[in-house]
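Chains: A, B, C, D and E, in written order; residue numbering restarts at 1 for each.
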Amino acid sequence: MLAIEGLTKRFGTNTAVDAASFTVDEPRMIGIIGASGAGKSTMLRMINRLTDATEGRVAFEGRDVLTLRGKARRDWQSDCAMIFQQFNLVPRLDVVSNVLHGTLGRRSTLATIFNLFPREDIHRAIDILARLGIAEHAAKRAEALSGGQQQRVAIARALMQEPKMILADEPIASLDPMNAQTVMEALRRIHEEDGRMVIANLHTLDTARRYCDRVIGMRKGRIVFDGAPELLTTGAARDIYGAGADFSEEATSTEIREREPYAEAALRDAEATV
Amino acid sequence: MLAIEGLTKRFGTNTAVDAASFTVDEPRMIGIIGASGAGKSTMLRMINRLTDATEGRVAFEGRDVLTLRGKARRDWQSDCAMIFQQFNLVPRLDVVSNVLHGTLGRRSTLATIFNLFPREDIHRAIDILARLGIAEHAAKRAEALSGGQQQRVAIARALMQEPKMILADEPIASLDPMNAQTVMEALRRIHEEDGRMVIANLHTLDTARRYCDRVIGMRKGRIVFDGAPELLTTGAARDIYGAGADFSEEATSTEIREREPYAEAALRDAEATV
Amino acid sequence: MAYVDSDFRAHYFEMLRRKRLYSGIVLAIFVLLLASGFLLANDRNAGGFLQGMPQVLDFPADVVADAAPKVAELPAHLVTYFPALLETVNIAAVSTLAGGVLAIFVSLLSTRGLARFPRPIPVFRRFMDLCRAIPEIVIALILIFVLGGGPVPAMIAIAFHTIGALGKLFSEVNENADLKPVEGLSSVGASWMQRMWLGVVPQVAPNWLSYALLRFEINVRASAILGFVGAGGIGYELKNTMSWGQGKFDEAAAIFILLFLTIVVFDQLSSAVRNRLTHGRAVL
Amino acid sequence: QEIDGFNIGILGGENAQDRLNSYQCLADYTEEALGVDVKLFAPADYNGVIQGLLGGTIDMAWLGASAYAATYLSDPEAVEPVLVKINLDGSYGYHSIGFARKDADIASLEDMEGKVFGFGDPNSTSGYLIPSIEIPQEGDAITMEPGDYFQDVVFTGGHEQTIVAVNNGDIDAGVTWADGQGDWADGYNSGALRKAVDAGLVDMNDMVEIWRSKPIPEGPVVLRKALPDEVKATMTELVDGIYDRDQDCAYNIAAGETLGFDPIDHDAYLSIIEARKSQSN
Amino acid sequence: MQGTASHARYAAAEALLSRKRLMAFLVPGVVLAYLVYIFFAFDIPGLAQRADLENGRTLIRDAYSYKTHVTRDNRSGDVSVSIEGERKGDYPEGTAPEWVALGEETVVTLPRGHEVRFLPGNALVYDFPEGDPRADIEARIEDREVVTDIGEALPDHVSLSSSRLNITTEAGRVSLTNNRTEVFRYFTGWELFFFTLDSPYHGHSFWSIAFGERIDSERTNIAGAVSDFWNNAMWRHKDVAWAIFETILMAFLGTAGAALIALPLAFVAARNFSRLWAARFGVRRIFDFVRGVDGLIWTIVLSRAFGPGPLTGALAILLTDTGTFGKLFSETLENVDSKQIEGVQSTGAKKLQRYRFGVIPQVIPVFLSQALYMLESNTRSATIIGAITGGGIGLLLTQAIITQKDWEEVTYYIVLIILMVMFMDSASSWLRNKLIRGE
């Protein structure tokens, strides 16, 4: 249903995404991993048409995504929801309004400007919020919520779009582990219950392994790994992160275990001086 | 040399420091720990005379600190340097000028107003900066420095005062672990090499244990612990932080080791759902 | 550790010397400009500063001397001139409103990252500069020539200036707006208007409103002044009574009191509202 | 008694810079006669000059009769009138002329009922003071209260503005000054209308005269009373003799054809002062 | 999930959104109602009828064109040519531009084949070109009356009374009265902008002045040209330059003076620096007062004491701005970062030293930037204040507008004012960057 061929993006001389190709035949939960700057965000942004591609083709159920213009392009964006690392909600607006923004692509500009959202949309928004367990915050301002709650509002907005596909750009990178888990679980549940395709950029191997059906690894703009999470050995990870033999998986983990030796060293120093 | 007796500070009905008493006989490095709002900052500020005490006595080498007025009080402040969590430097002035502020208490108002500091003071300021390893930044503006460097400038300003005692109010709370270590080591070295007394508010047990000769624990304005770091058992820490039986030392640690069990639990959950 | 690279010292002293020199020069130039400018202005003036100082209060004294015995008529004058005051305030309000709305569009169109069309950004910016540079009185006088006297020329003139002044402030606010919500809205397929209205306006509206209130206060003053050149309102009345002099100072005093109170009231009102907007709960 | 400078105030009517240029000859003669620095000032309206005279920063000016009255009423000790301009026929009066557009079908004040009437500057004798007193005497129904007989009564700000406003149809009729001699088509021999015609601002064929005041005494050249007597004498003599000395300069200063200046004193303006008092609150 | 709880939530969300919807309609509704009120209060419908587009057209035409007068004095019969009919634009006696043929019968050629001839006996003929449907016009003065060959029905382009004839066509304008016969021909451009007719450099190109042979034997070309340009009697570049300078001078003196006066007073008015409630209240009310009375009114008040001139304008700006700065500065002082002061205080610094090192370094850049911002805005105020009493470019501009004839000068002044304000704007932001970013 999604076919990407030779997708390329160049910023000046810097090639952010370099002839990436892959196809997805049925709704899957896909994780994209790679070091910072590997081109993960750029790829998702091109698929959603937030950024224009330099070359290549993206086809979704027969639609030639990259050539869409104007209304057709906005329709595509409304079919292809996007979730961001920083949530990208309107912080000063209440939660329901933020969720209702998911329908903007479909409603007339004038009506939305005067806040004329149909009643059933409002009900649906509440239902979605309830499903994500944050219905009681519906009337609060988005900025008053915790990070994990805000990300769930963003997911609610995405669901409101009734999208065929959800793109998530490092959805848990700014969350603490507790919230990260809630959010990843929500995404997984949506994938399973609604059968929507989910493509998520992730920055830790363990998250990708835990939640995804398929993992794509990128390095310097190229796809260097594509397979089931079980195939993601330490060797494969080394290739993706371009690390040497001293690579240890923890270097990409959110758990900051590596600080321990340091603290011990400091203690030894301190004892030496005392 | 320092004797504190029944020191009390009330803000309205709220008693920030409640009849605190302790004595220090020889220059020591002392850590004060306690939960937020325990009254640590207020205590140091009373000793430096930045805040007036409500009751009690502070005696330092025979001086009755709390009754000092005018010149005598300023002399005391110049003998008793203070280091702040937010560094409290003048960000737009260059590093040397900031360090030279340490001499304000001793120099004539007129000369200093016109920025006329004696040449030997400037030399000494640069020497101190060199000792703290930041002489190359001497001509930069303070705001251009990193947090750890700024805190070292603050320490340099304190040393410039040639104080008998250095008070440090959470000197490393706004620093990352790397910088925190540098700053704590600098304080420790000053204590050891110059034999100056150092009293530091700290918000983590391990830092206090690592660097201090003696630890004072405060809770709700009262001193509830006073002893060698080795005596600071988990039980004692529980008393200080007012935690229940589920208290684990990591809750106050800067090292985020406690997240591990949590992540593991998440993994188990995730496996269950998939 | 005892070793200190003497370079640092030399470097620092060099910097100290240069800084002292520069600030000395700047200070000297400033003092020189101020002194010579003052002497020049003093010389070109009909009356000198020193001779004039003792007489500073003569004019107010005249006004009071003329108005005081007729203080009983003051309330009547206040009533007489109230409609003119209303006109002045209306001029300010309409021009702030119209200029503010246009400023919103121009500022959005000239902010990088928000502009509908990125290319003409410099055009819109120059346009704002131009609007700001032309004093209201110039536009008002020309429009009075074409449109005849009355409030409309003043309104257009002030609105024109307001576009420039508010446009600049607004676009500074816009530049600090967080683009993430806008991107979020783009990703759902929102149009430009929707992105601006739902993504940008909620963020910046309190600041816009605060600046617009400040401008309104300034515009009340500006519209009173334009009355001096025939644009109607309280300024026109004030000028006529003031220049009549002895004999109508009681009316002048009444108008002055009205005008002054209005300015103070709006000043206080707008700073109270602005304080609430920036510190307290926002209204949107 | 010494003076260290002499300031001459000039009233409106032209481009500020043109005014300064017209008076430059007088400034030069004065400098020569007094041996001190002479400065010319051209404030935007009557009030600027009046304030200067009252405050003692302006030493000499040629005022309108009403402006003199205003100065006198504010401070009788401030200035004294010394000279007055003489017309070509030897008189020293002029008229306030009410006029309207010919195509507006207004021939007299009767036709003005319900129309807009315009004054010039409130400190002008012919542009406000005299007509505001004499026009209501023309008919029982006529008052100067806006919205009463006239639909509205406005101040245009000055003679030029009144002429332009009538010509443009902004107001239906207005008043301005003229000597009332010579042809209407030329805008008379001198006065604001003549200047407007000379400047190509109006075509007198489009205008009609609808009212004319009784003769108004020409405004005086005044000197500050506090000036040393010999300075006053020198300046009086200088201006008095300017027509014989330099006709061009006299033309420039007098804003038109003139026979020069003659002495005058305060008594000539008593009626104007009374008129002004009656218009004050 | 379908239960009372979710119904309550639906209701709450709907209520929230209908509240927002109400606001979304209410605010524009109120604004609209207000605008409708204004529409009638300001009599906008009547505006269209009051507006005189002809005036607008004259203005625009005059802004980029000038007229040359060819005048015959009907008493003496002398013909003179002058630009804009001003004495300083006179062609020297007996000379004329090439489109005027002086002689027994003076022929004035107008564009598009129109022609006017002055005949002896105070008569004139207006010749329309071949093929023009309008009939030629002949007129003369007889017994102090205008006599013409035009019949009863006056064509549109003619205005006639017994004492005056006016012909206005697209080619020019002619008037005939007892005293004078005049022809006006319009040209594009600002004539005599560089040199007046009496200057030897008039009509020479820039190139020939800069590099050509010496034109006036007395002076070098450059010096002569610069001096003639500078002293141009028509455009008066020297006076205009002085007026601009005077305007900037007023703004500078007013702003700098106000900043210096407001600086100490602001400390008295700031809550965190002044213990005396009464002093604080008093100073604040003084600030409000001088600010509330506008600069313009101060100009009138001060003109009694100081008379007209730039000093009066500068003092008026100074008074108003003392209020503005006082308010701004004291607000800045109330927002100072107390950490820095505390840092200095903890070393045992005296009060003065605390101000010097804890307060001054953080507020000076803010004050400076506020003052520089006001400098630019005061340049505009100085223009306006000058227009009313003080002097400077504002006076020149308003007087030129009020007399309503020299629109090209008005245009010139407006361009200069815009350039001046823009210059002050960029100068002040340059200074801001220089003084605040880099020391």
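What we mean here is this: contacts are C-beta pairs under 8 Å (C-beta built on N, C-alpha and C of every residue); 3 or more make two chains touch, one makes a residue touch a chain.
Here is each chain with its UniProt name: A, B = Phosphonate transport system ATP-binding protein; C, E = Phosphonate transport system permease protein.
Keep in mind that what you see is a predicted model, and the values were worked out from it rather than measured.
The chain pair C-D and the chain pair A-E differ in C-beta contact count, and the higher one is C-D. When you average the Cα atoms of each chain and compare centres, the chain farthest from subunit E turns out to be B. Distances between chain centres, each the mean of the C-alpha atoms, put D farthest from subunit A.
Of all chains shown, the one whose average CA position lies nearest the global CA mean is C. Computed from the mean C-alpha positions, the centre of subunit A lies at a distance of 82 Å from the centre of subunit D.
Chain geometry summary: the mean Cα position of subunit A and that of subunit B are 43 Å apart.
Chain centres here are Cα means. That of subunit C falls 18 Å from that of subunit E. Averaged C-alpha coordinates give centres for subunit D and subunit E that are 27 Å from one another. Across the assembly, subunit A contributes residues 97, 113 that each touch 2 or more other chains.
Of all residues in subunit C, those that touch two or more other chains are 44-47, 52, 55, 58-59, 62, 145, 148, 229, 242. Under the contact definition stated at the top, the residues of subunit E that touch 2 or more other chains are 50, 52, 55, 300, 304-309, 387-388, 398, 402, 404. Partner subunit B is touched in their complex by these residues of subunit C: 1, 3-5, 8-9, 11-13, 15-16, 20. Residues 339-340, 342-350, 352-353, 356-358, 361-362, 365 of subunit E are the ones that touch subunit B when the two sit in their complex.
Of all the residues in subunit D, the ones that touch subunit C in their complex are 7, 9, 39, 41, 45-47, 50-52, 54-58, 70, 73-74, 121-123, 154-157, 161, 164-165, 168, 170, 276-277, 279-281. Of all the residues in subunit D, the ones that touch subunit E in their complex are 7, 9, 12, 14-17, 20-21, 41-44, 47-48, 51-52, 54-55, 57-58, 157-158, 160-161, 164, 168-170, 183-186, 198-201, 203-206. Put simply, subunit E touches subunit D in their complex at residues 50, 52, 55, 67, 85, 159-161, 163-164, 166, 175, 177-179, 184, 233, 236, 239, 300, 303-309, 387-389, 395-396, 398-400, 402-406, 409.
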